[in-house]
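Each of the two complexes below includes subunit A, the first together with subunit B, the second together with subunit C.
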Partner chain A sequence: MTNHYCDIKNSDCILIMGSNAAEHHPIAFKWILRARELNGAKIIHVDPRYTRTSARCDYHVPLRSGTDIAFLGGMIHYIIENNKYFKDYVVNYTNAPFIVGPDFNFQDGLFSGYDPEKRKYNKDTWVLEKDDAGIPKRDMTLSDPRCVFQMLKAHYSRYTLDKVSSITGVSKENLLKVYSEYSATGVPDKAGTECYALGWTHHTVGSQNIRTMAIIQLLLGNMGIAGGGINALRGEPNVQGSTDHCILYGNLPGYLKMHVASLDTLEKYLHKYTPESKDPQSANYYSNYPKFHVSFLKSMFDDKATAENEFGYPWLPKLDDGVAYSLMHLFDKMYEGKVKGLFSVANDPAVSSPNAGKVRKALEKLDWLVGENIFNNETYEFWRGPGVDPKKIKTEVFLLPASATMEKEGSQSNSGRWVQWKYKAAEAPGDAIPVGEMTLKIMDAVKELYAKEGGVHPEPILNLKWDYTDSKGRFDALKVSKQINGYFLQDTVIEDKAKGTTTTFKKGQLVPTFGNLQADGSTSSGNWIMAGSFTADGENKMMKRGKEDPTGLGLFPNWSFAWPVNRRVIYNRASCDIYGKPYNPKRKLLEWVGDKWVGDVPDGPWPPMADKEKGKYPFIMKTDGVGALFGPGMVEGPFPEHYEPLEGPLTKNPMSSQLINPAIEIFKGELDKVANASEKYPYVCTTYSCTEHWCSGALTRWQAWLLEAMPELYIEIGDLLAKEKGIQNGQRVKVSSIRGSVECVAMVTKRFTPFQVEGKTVHQVGLPFNYGWLFPKDGGDSTNLLTPTVGDANTFCPEYKAFMVNVERA
Partner chain B sequence: MDITRRGFLHLSGAVGSGIALSTLGINLKPTRAYADELNKMNRVKAAKQVTTICCYCSVGCGLVCSVDKMTGKIFNIEGDADHPINEGSLCAKGAGFFDLTEANKHRLTKVLYRAPMSDKWEEKDWDWTLKRIARLVKDTRDAGFVKTNAKGEVVNRCETIGHLGSSNVDNEECWLMSVKCRALGLVYIDHQARV
Partner chain C sequence: MKTEFVKLIDTTLCTACRGCQVACKQWNEMPGLRTKQWGSYQNPPDLQWNTWTLIRFQEYAPKEGDFKWLFRKDGCMHCTDAACVKVCPSGALYHTEYGTVGLHHEKCIGCKYCISACPFDVPRYDRATDKVYKCDLCYTRLQGDQQPACVKSCPTGALTIGPKDAMIKKAYARVKELGGDANVYGDKFVGGTHVIYVLGEKAEVYEGLPKNPSVPVTTVLWKDILKPLSLLAAGGVVAGSFLHYIIHGPKLPDEDQGQDTKGGE
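And then the complex of A and B:
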C-alpha cells in the first residue's frame, strides 16, 4: 500500500476493483465503511461476481474477468476528454510534459522494438528526450504532440465507450457512472483511493492492471495524499515483510537487484543499478544504491567481506540475464527431473500452484523434500495422494513441526508497511520449534559438514555470519532484527550539512536511519529499508504502542514502525503544491512551515520544488523525480494495453491483432495444455477465497469452527446457465478444463450474470481455492487442477482469475 | 448449543470459545456456558496478557492471548481493543485464533519422516533429522553445482534445490531464509508473494 489501512477513512471515493474486501479483509472493510460514515464517501465495486462487498457498496458493476485494462483505459480516455485531470499536479508532479523519443511508436497492439521469436521487447526506443545538459525536455503547456500527455491521450482515445463495453461486458451507462464519480476526485480537496487484491494480480496483465490505475491516480492527483493512493490489500500476514526480505529469485533484501551473470564484478553491478540524474532538482534517492548493497553484503559476511574481495560479491549466485526462476519455472524444471531437493516452508504448493496436476507429478521426481509447518498438507503427503502408489515414489520426506505464530517472538509487516512486534505467549507443543530456529539449525549442520569435509564453492557457506541464537542455543529474533536494521562497524562521524551538525556513533551502535549507511564497508544492514526500526541505542520501535494522532488523519506515528523511516504515506510531498502548501487544507498530511516540513515524516527533508536552488521534486525514488505516466520499466510497454487472457472466450482481441500479452512466457511442457475459445470449455472461470478459509486452506481446514462453516468445495453458477445445463442448486457437478477436473457442489446463484461480449453471450463461473484432498476427506480437491501454467509478464503471478472450463452434472 | 457434544474443542478451547463467539455477536444462552463464562472472566483477569498479531490476511490486527500463570498455557485469545486498526474486532478466522494453539489436535508435534518407497510416516528426533537433511543438501549441492553458464560466465549457483516459502512467518525468519538460500547458491527461490 502507498497508504495504510486507517487512512482509507480519509477518502471521498473508494473504488474496490480486484478485491472482495468485505469477505477477505473484513477489518479493512471497516475503514472503507468509515469513510462513508465520516465523509459520505462513494464506494464502488467492480467485479465479475456480486459479493458481500457489492452488497455494502453504493453499487456493483459486473465485468468479465481479465478485462480491467479495457475498463480503466476507458476511464483514462474519459478523464482526459472531459478535462477531469488535476492540471497543477499533472504538470508539476508527473512526466506528462516530458517528450517521448522520436523512434517510439505503437501499432496494432505492439510497441516499437518487439521480437516475436523471443516474445520480448528491445526497449531502446522507449526513452524520454533530454536536453544538452542531460535534463529531460519538458513542454509545460502539454501541447507538443510528442509529449507524454498527448501520447497518452492518443493511446487511450481508442478506448471508446462502445469498444470498452463490448470487451468488458459492462453497460455504457455503468461505465459512465463509475468514470464520472471516480474522476470527480481530480480536484484539490477530494481524495479517491483504489483497493485491489489478487483479483488484479492474478492475470497475465496483472502488473499493468495496477499501473493503469496508477496512471489514473496520477492524473487525478490522488497519489501521496491522505485518503488516496493505490492500496494492495495483501493476502498473507507477512507478505509485505517476506517481499521486503525478498525470498524471491530476482531480488535481494530491500528490493536490491539479484546479481546476474553479465555483471561479473561489484563495480559493474553497482554502476548498472545506480541511476544517474543530471537534474539538480531530482533527489534521485537510488543514487545511494551502493550504500544499501554493500551494507547488505556486510550483514551476510561481516568481517569476511572486505573491499579487496568485493565484499563477497563473487561468492553469491548469479542468474542468467533475462531468465526467470519463479515457482512455475521451478516446477517446470522439477517435472523434467532437473530439481532434486525442495524446501517447502509454511505453504502448500500441491494445492496453491497453478496447474496443480503438473506440480504433483513434478514432486514425484524429487529425491528429497523438507516441509516445515504447523499442520500436515497435500504437498508433504503427495506420495500418497489421489492416484499415487507410494511404493513407486523414491522421495525422502521430512515434515518438521513448527511453532505457531503466538508461540514465538518476532515482527510482522502489514500491507500498510507497519512493522509490528509480536510476543511469545506460550511454548510450542512437543518438539515444535520456530521456522527461524529450523533455518539456523539446518544451516549450522550444513556449515559443519563443509567445515569438516570441504566441498564445492564453500566460501559463502563458511563465511556466512550465523550467530543468531540466545544463550540456550535457541533462535533469537531480536538479534536477527538488529542485524536487519544494521550496525556501525566502526566509530563513525555523520555530518549533516543542511543542519550544520555532526554526530558521532560508536562501533556496535545500531544505524538509526538508512541515510547513515555507507558504501565502504563501515556499516551493515540486512535490509536497508528497515534501518531505523531501532534507535542507535537499541530501542525497538516495532514494539511501540502509542496511540497519539496529532494530525487527526489516523497516522498513529507512535504505533509500531513503518518503513521507510516511519513514513506513513509514501510520496507525501505530492500532497502539497510546489510551495509546500497542502492542496487540501482539511486533510493536512504535510506542510512546509518556515524551513521545515510539519506532519507525516516527509519524503526527504528538502524544501518544496518552487525553491529552485534547494527544492526537490516529490517522487524521490524515481530518477526523474516525478510520477511516471510513461513507464518504460514494464516489459510489455510504457502504456498499458488490453490483451485477452491466455485462455478466453474470444478468437480476436477487439483492440488489436495481438490476442494475448505479447511479452508473456509460454510454457510448452506436455501438461501445459491451453484451450482458447474452445467449444469443449465454453465458460469463463475465476477462483477466489471465502471468509472462513485462508489461501490453500492448509491452516483453516484443520480448524473445526471454520470447517463447519465452509465444509467443502462448490462452484457458483448463474441461474440462467444452470437452467440451460439442467443443473439444480446443491447437485454435484464436474468442472473441467483441458488440464484437469474437480467434482463439487453446484451453488446456483444470481451473483453471476452473463456478459454480452462482442455480440455474444458469455457465462462466467467461479470456485474457491481453499480445498485439498487430504483434509477433510470429502471436501473436494484443489481448484488449481484446472488453472494454466502462465503468469504475468513482469512478475510471473499466475493467471488464476481467468481461464476456460466446462460444467456438467456429475 | 452443546459445545462438548459438537466436539469443537478440548475443554479449555470450549471455555475460550465463549469470548470468541461473543465477539461475533453470537449469544450463548445455556446455563452451563454462562457458568463457564464467569469462570473464564475470572481467569482472564488473573492471567498474563500477551499481545500478538493475526496470521491470516495482511491487515495486521492485534490480538491478546490470556496465559494461565500456573500452567503457562494459552486459554483465551481475543481482539486487542487498544489496537488502532482492528479496535478489538476480528473476522471469523481471527476470532477462531485459539484453534491454532496446541489445543488443536491436528498440530504437528514430532518430526515425521517418510522413507523412500514407504507408505507411512515414522517419528524421528531432531538430531538425526538435521544431520540427514544437511547430508542431502550438501550432496545435492556439490553434485549439481553450476560454476559457469552456457556462455562461460561465472555463475556459482545451485539449480538442483528449490526453496518455497514463506509469507506466513515473521520478518526475522524471512530474512534468515533469504540469506540462507543465497549462501547455498540457490536460484529457484519463491514464495506466496507471487501466488
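And then the complex of A and C:
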C-alpha cells in the first residue's frame, strides 16, 4: 500500500477492482465502510462475479476476466478527453511534460525494439530526451506532440467506449458511470483510492494492470494524499513482510536487486543499480544504493566483509543473466529432472501452484523433499496421491513439524507497511519449533560439515555471521530483528547538513534511520527499509502501541513502526502544491511552514520544489523526481496495453494483432498445453479463495468450524449457463481444461452473468482454490489441476484468474 | 431487572463473513460437524443443535431495481413475550435480568414444546443429549460486562449491543439515513424482541422471517387459561394430554436435526 488501512476512511471514492475485499480482508473492509459513513464515499466494485463485496458496494459492474487494462485504458481516455485531470499536479509532479525520444514508437500492439524470437524488448528507444546539462526536457504547456502527455493521450485515444465495451463485456452505460464517478476525484479537495489484490496480480498482464491504475491516480492527483493512493490489500500470509524480505527471486532484502552473473564485481553491480540524475531538484534517493547494499553485505559477513574483498560480494550466488527463477521455472526444471532436492517451507505447491498436475509429476523426480509446516499437506504426501504408486517413487520425504504463528514471537507486516511486534501466545505442541530455528540448526550443521570436511566454495558458509540464538541456544527473534535493522560497526559521527548538527554513535549502537547507513563498511543493515525499527539504544519501535492521532487522519504515528522511517503515506509531499501548501486543507497530511514540514513524516526534509535552490520534487525514489506516466521500467512497454490472457475466448485481440502479452515467457513442456478459443473449452474460468478458508486450505481444512461452513469444492455457475447445460443447483459436475479436471458441486447463481464480447455471448465460471485430496477425503481436489503454467511478464505471478474450461454434469 | 439489553443486527452492514457463526461455536464450545456443499454459501443449511446462529444467504432479483444478495444473521430473537418461556414446563427457559431468554440446560427435559411454540423457528433438539439448544445471547459474557461473542467478532459494526432504548433509537436513526424500504424489525411485536434488525428490504422479502410473528394462540390458551385451571383441577393429567395435542398439532419437530438436509437456494 502507498497508504494504509485506516487511511481508506479519508477517501471520497473507493474503486475495488481486482479484489474481493469484504471476503478476503474483512477487517480492512470496515475502513471502506467508514469512508461511506464519514464522507458519503462512493464504493464501486468491478469484478467478473457478484461477491459479498459487491453486496456492500454502491454498485457492482461485471467485467470479463483479464480485461482490466482495456477498462482502465478507457478511463484514461475519458479523463483526458473530458479534461478531468488535475492539471497543476500532472504538470509539476509527473513526467507528462517530458519529451519522449525520437525513435520510440508503438505500432499494432508492439512498442519499438521488439524481438519476436526472444519475446523480449530492447528498451534503447524507450527514453526521455535530455538537454545539454543532462536534465530531462520539458514542455510545461503539454502541447508538444512528443511530450509524454500527448503520447499518452494518443495511445489511449484507441480505447473508445465501443471498443472497451466490446472487449470487457461491460455495458457503455456502466463504463461511463464508473469513469465519471471516479474521475470526479481529480480535484484538489477530493480523494479517490483503489483497492486491489490477487484479482489484478494473477494475470499475464498483472503488473501492467496496476500500472494503468497508477497512471489514472497520477492524472487525478490521487497519489501521496490522504484517502488516495494505490492500495494492495495483502493478507495474513504476511505477504507484505515476505516481499519486503525478498521472497521474490529477483530481489535482495529491501527490494535491492539480486546479483547476476555478468555483474561479477561489486563495482559493476553498484554502477548498474545506482541511478544518476543531473537535475539538482531531483533528490534521486536511490543514489544512496551503495550504502544500503554494502550495509546488507556487512550484515551477512560482518568483519569478514572488507573493502579489499568487495565486502564478500563474490561469495554470494549470482543469477544467470536473462533467466527467471520463479516457482513455475522451479517446477519446470524439476520436471526436467534438473532439481535434486526441495525445501518446501510453509507452502503446498501440489495444491497452490498452477498446472498442479505437472507440479505433482515434477515432485516425483526429486531425490529428497523436506517439508516444514504445521500440518501435513498434499505436497509432502505427493508420493501417495491420486494415481501415484508409492512403490515407484524414489523420493525421500522429511516432514519437520513447525510451530504456528501464535506459538512464536516476532514481527509481522501489514499491507500499510506497519511492522508490528507480536508475542508468543501459546507453547507449540510436541516437537514443533519455529522454522527460523530449523534454519539455524540446519545451517549450524552445514557450517560444521564445511569446517570439518571442506567443500566447494566454502567462504560464504564459513564466513557467514550466524549468531541468532539466545542464551538457551534457541532462535532469538529479537536478535534477528536487530540485525535486520542494522548496527554501527565503529564509532561514527553523523553530520546533519540541513540542521547543521553532528551526532556521535558508538560502535554496537543500532542505526536509527537508513539515512545513517554508510557505503564504507562502517554500518550493517540486513534490510535497509527496516533501519529505524529500533532506536539507537535498542528500543523496539515495532512494540509501540500509542493511539495518538495528532492529524486526525488516522496516521497513528506512535503505533508500531512503518517503513520507510515511520512514514504513513508515501510520496506525501505530493499532497501539497509546489509551495508546500496542502491541496486539500480539510485533510492536511503535510504542510511546509517556512522552515520545516509538519504532519506525517515527509518524503525527505527538503523544502518544496518552488524553492529552486534547495527544493526537491516530491517523488524522491524516482530518478527524475516525478511520477512516471511514461514507465520504461516495465518489460512489455512504457504504456500499458490490452492483451488477451494466454487462454481466452477470442482468436483476435480487438486492439491489435498481438493476441497475448508479447513479453510473457511461454512454457513449452509436454504438460504445458494451451487451448485458446477452443470449442472444447468454451467458458472463461477464474479461481479465488473464500472467507472461510485460507490459501490452499492446508491450514483451514483441518479446522472443523471452517470446514463445516465451506465443506467442499464448488463451482459458481450462472443460472443461464446452468439452464443451457441442464445443471441443477447442488448437482455434481466435472470441470475440465486441456490440462486436467476436477469434480465438484454446482452452485447455480444469478451472481455470474454472461458477457457480450465481440458480438458473442461469453460465459464465465469460477471455483475456489482452497481444497485438496488429502483432507477432507470427500472435499474435492485442487482447482490448479486446471490452470496453465504462465505468469506475468515482469513478476511471473501465475495467471490463475483467466483460462478456459468446460463444465458437464458428472 | 438490570438494564434491558438489545442486540442490533444491521443487515446493511453485514458482509456475511460468518465470523459471528464461528465465534458463537467457539465461545459455546459447540462442535463443527461434517456438512455437504448443497449449492449455497449457507452452511450448515439451517440452525441446528450445534449452530445457534447462522448467516442466511438469499439471492434476490426484484422485478424492478438491481439484483441483491441478502445476508441475514438468524438466531434467537429473545422475545419479551416469549412463547418458549411460556410453554416450557420445566423452567429451563427463563427471562434473564437483561430481558433476554436464557436456558438452564440441566433443567431441560427434551419435551420440545418450545420448538413448536417459537414463532421464529429457533430452538433445536439434539437426540444424543435429549436436550434443546439455542442462543442465550452469551448470558455469562453479559454478566462479565462482555459483549456476546458474535458482537465481539463482527468486523464491520453490523452487530452492536447496548441498552434497549438507545439501540432502538439507533436502529430508527439508521433506517432514516438509509431511506427506501429500510425498516426496523423486532420492536413492535411479541412485546418487543431483544434482538432487532435493521433490514434493507421489506420484511416479507426475507425467507424464513415471519412478517407478523406472534405467540401461537394455543400457547396463549395453555399459559394464560388452561395451565392455571389445570393446577386447580385434580384431573391435571387430562389437561396435560390436551396440552400435548394442542401444542404439537400437525407440526412435529425434526428428530434428526444434527444433519439437516433441507434443500433450496
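Here is the rule we use: the second predicted complex is superposed on the first by the 808 of 810 C-alpha atoms of A that agree within 3 Å, B and C clash if a C-alpha of one lies under 4 Å from a C-alpha of the other, contacts with A are read in each partner's own complex, and residues count from 1 in each chain.
Just so it is clear, a residue touches a chain if its C-beta (ideal position, glycine included) is under 8 Å from a C-beta of that chain, and two chains touch if they have at least 3 such contacts.
Not measured: the values here are computed from a predicted model.
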First (subunit B), second (subunit C), both or neither touched by A:E712: second
First (subunit B), second (subunit C), both or neither touched by A:G430: first
Subunit B versus subunit C as contact partner of A:N347, first or second or both or neither: first
Partner chain in contact with A:P776 - subunit B first, subunit C second, else both or neither: second
Touching partner for A:G455 - first (subunit B), second (subunit C), both, neither: first
Contacts of A:V370 with subunit B and subunit C, given as first, second, both or neither: first
First (subunit B), second (subunit C), both or neither touched by A:F619: neither
Subunit B versus subunit C as contact partner of A:R52, first or second or both or neither: second
Which superposed partner A:T691 touches (first subunit B, second subunit C, both, neither): both
Partner touching more residues of subunit A, whether subunit B or subunit C: B
Where subunit A meets both subunit C and subunit B, residue numbers: 26-27, 30, 691-692, 703-706, 709
Subunit C residues within the subunit A interface of the complex: 13, 15-19, 21-22, 25-26, 31-41, 43-44, 59, 61, 66-71, 155-157, 263, 265
Complex contacts: residues of subunit A adjacent to subunit C: 22-23, 26-27, 29-30, 33, 50, 52-56, 59, 690-692, 703-714, 729-731, 744-751, 776
Residues of subunit B touching subunit A in the complex: 7-9, 17, 50-63, 65, 67, 72-74, 77, 82, 84-86, 89-94, 96-97, 99-102, 104, 106-119, 121, 124-126, 129-138, 140-142, 144-145, 147, 149, 151, 153-195
